[in-house]
């Protein structure tokens, strides 16, 4: 059994890591930390996690001794903790934005703070693109929720130089805003409503743009919307073709790219991906494959923002780091209906 | 008091016409017709409309004698009924798609049926664009729900030759699908979900395109999504600029275009339009006015699909036809929260 | 035109008073006050109320000079303000719990604070029970939201000595928790969930019990539940019969009691009251009238908690105080669907 | 590996059986049958179940050869199929109401049809009450969804002769109505609404009453409500005490009764059970333990109606029938948030 710790385990991503790791056959969660809830049993914060025996502690990174540490800490906090963990010989999967950027200047621009750990470099933890690098990594930077769905549904388009502009219109569930209440997440403001936000300047934009690097002529735009959904991100990408291609050829390109991927499912013709099909699971469903009379490609993807968009993908990365089968502990299907 | 009739009054648009007309100071609803519910009191079908004294009848158009008839009948049914009403000297507001097209060939392509009344021409009932024509009309073709929000939020862009491509990504409430249940509207399929549909070929596309006629170089695309909302359409339009313009200038253009419009409210800077602000009301809230680094303009609009997107706008048209103040009976604000 | 002021106008009940009063034909809102938002235009807080010209001020009660003042202030705050308003000769409709109790000791027990204005007595503002007293009042204590639906649906049972125990199980929308966000109202905690709370000790219990005074042998219990609904309270009351009675006789008793009431609608046989039928309206729908094999009567009621449960009833009370027709400005039906 | 078949696998309970059995370590699903979908791959009906290789067939019971057959067939259909399965030597878990009643006359009264298989008797499949009987059974009658939550939360009260009347007020998610759309499950009729139904005569009443047999003086009433929830039943039971008892003693009684049960979790003091804590899981959370001043006990329970209320409990029963650990394949926690 490998031992793992979750640092900053009181939020939604902490709860999801627990939910899935407690049924993982090859790892044991030995530590969950939280400054705020030091001494509190897990179920007081995560009411579904009963009788785990786990209690939040305020252990410092240097007091941990595990095979893999998950840092489910806020942006800015991770870069204070990660160096210590790495120095102590642990492998780290960081769920914040701190190590996602090749160029820390981009991070500093979009996150509005100085990057204080320019030494340690993370591998961008999207296994479908960077599996080989992750295998050899010590630090994996788990991708953002929007970027995961957006990159996977657009990557074959740019890799094959099919388009020169991608407009990503995403609809996200409210759990993406985290566990802390605010006016934004107040039920009467979300229910029966659709709330666009940061319509031309969301920071995940820069992460998506980075991953389409080397395809410099592709302009990428992004607008997110909060919808009355608990979990899930539905992404519709509208891309402008620069090559003649048929829907059938488009589908073949995706099948070739993703055919062997356990967690990516391509929809049949006429089949629309549903959030409920991936709810609670690590799967990504990709559909669309349509081209309208103006030369616009429409691609669709759905993920669970807390699973493939966060904790599930983090466990997928952990599996790779530990040399386990990538799908271990992550095989469960979505909760439909 | 003017007298009005609602033909095909058992659906949601019929219910909305009743809800608003029963509190309209200058008109009396004398007839509500429904083949299926002949003899049934109104409240058995519209449980909120109590003690109106109204009972559905199966009267034929020629048995009616009112000032204005609303045809809340399905596509294809209206063109069978409207000629008779017009011949009998009544004015008509038709809520179907039958008379919205200048070129009936476009109708026939998108609605998949022959147009059997090529004689009578409707005025496109978007008062903010066609007020003068409506004043003189006998037949008003009330616009579709998606087109209402999409056209109003994009019209100033094309009128001022600012963009050459508009991608409209709309999120609609489920009442747009009507009163009859189907797998699509089954609660477990809608709740906690986002369902794109007809992603490259929705018929409202053609209606939007028509209204941007004369701006032939503008390519217009449209993708609708069903979201877990009862009423309301939130539209995000992504348009590609062909002129240098600042967000401030953009706002001024909209203010100039819509400054005097009672039902159009332009959001302040930083203010996002909410569905709840227009829920149950005839107002349109328009916001956005942002331009990202790729030259994409983001505009946002919200309407209640059953009010400004259907029955409210129909009453607005009726008011114009009757020479009444356009906002009579329609002044109530949205139901926020 | 009568002049009215809303004190503490930034919450949901303030917004609802504005929404309805701005379309009231006989009154003008001259003042809206809020300490927190002094100087802010109304639409910044109530985004649906556009172009009203109203701006929040921090006027003190003694600076007001209106015919009726609404105090939409928190429990404990009202009793500091109301005496001043009354002394200045204004009539007052108070939406807090401060003046609802005949015996201030009961208030002090349930609200956990001393009552500092034992001089001024409010009339309990349930017009269907206390219309005559309200006509002559200077201070009306607007009832709580749960008590309004619970009392109206049970009152005929106790008035006619039919039952000796009433168990009220209510399901409320989240707007009842007010405009301020908290963990309780965080979307992911409410959506797809049912949250009972204060299951044996909610303070509205005492208000319901008071109104069934004189029927001392009737034991009344109450348990509220938060459901994923924005507006509305659905109440199911389970009462134990002490007399032989048929469902038909039961219905007749209710018809006799409420037959002339404008805002109370009794459902037909087999008709279930729906929240959507009263959404945004001042109507109360009452149904049920069933008796099971154990001698339990089941009665059902629905109200909009912000309208008949708060601001609409306050306007109804204002109409009575001003000698206007009780339904003025309140005739609109609910927003179904 | 044991082999199992799902007969009538196209509904929600069929989908749930598949979702959980495909990750069960000791069984293999060899057959899924459906008359309607003969020849259709599983994912066309259950879009979350991808790449299972399973295809619906129209096999008749006698063509099956498995260790355990699940009959997820409608009431009335099961009793036609089950005898054949039993005759062929298979064990059966039936998810319909057909074999739940000791006295088939009660079944015939409440289900309105003749019981055509009076020979085979099912064991009532509530393992927490009938574990020993299930071990030896050939036919297990899986309990109804409402009865599961209602019985488990009230059983200790009647077993210990504490109460003489129980009023059960349940709130259920819409998936309980099944996969077929109807006006009842039409999104605009459910969202933002609460719909009581069969308020004094739901058939599950009789099933609950049976399980409290031997406690003949206890009167049991039941009223269900549809709430805007996909999955889950929240039950509040209001019971009238006939003995002096403290909340602490009440809690001890429950702890004694359920202390060793894997799937029953008793809430801490002040902790309210949440639907989200059991969403998608086989756990039952029980809380409440409060007694009000009128001598009413309030008990609360939550289950996932499709899991502990149907397919999860069926697998729990299968585990017992096969001599496996009762929690095999069912250890996953709920999906909170």
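By written order: A, B, C and D. Residues from 1 in each chain.
What we mean here is this: a residue touches a chain if its C-beta (ideal position, glycine included) is under 8 Å from a C-beta of that chain, and two chains touch if they have at least 3 such contacts.
This structure is a prediction, so every number in the text was calculated from the model and none was measured.
Peer 1: Which pair wins on C-beta contacts, B-D or A-B?
Peer 2: The comparison resolves to A-B.
Peer 1: Measuring between Cα centroids, what's the chain most distant from chain C?
Peer 2: A
Peer 1: How many angstrom lie between the centres of chain A and chain D, each centre taken as the mean Cα position?
Peer 2: Computed value for the inter-centroid distance: 35 Å.
Peer 1: Can you give the whole-Å distance between the Cα centres of chain B and chain D?
Peer 2: So the centroids are 46 Å from each other.
Peer 1: Averaging only over C-alpha atoms, locate the centres of chain A and chain B and give their separation in whole Å.
Peer 2: So the centroids are 39 Å from each other.
Peer 1: Among the residues of chain A, which ones contact at least 2 other chains?
Peer 2: 12, 175, 188, 191-192, 228-231, 274, 276, 279, 337
Peer 1: Enumerate the contact residues on chain B facing chain D in the complex.
Peer 2: These residues of chain B touch chain D: 12, 174-175, 179-183, 185-188, 190-192, 228-230.
Peer 1: Please output the residues of chain D touching chain C within their complex, sorted ascending.
Peer 2: 165, 167, 169, 171, 173, 188-189, 192-197, 199-201, 219-221, 223, 225, 227-232, 234, 236, 238, 240, 272, 274-276, 279, 288, 290-292, 294-296, 298, 300, 302, 337
Peer 1: Which residues, counting only chain A, touch chain D once they are in their complex?
Peer 2: For this pair, the touching residues of chain A are 12, 15, 19, 22-23, 44, 46-51, 175, 191-192, 230-231, 265, 268, 271, 274, 276-281, 283, 331-337.
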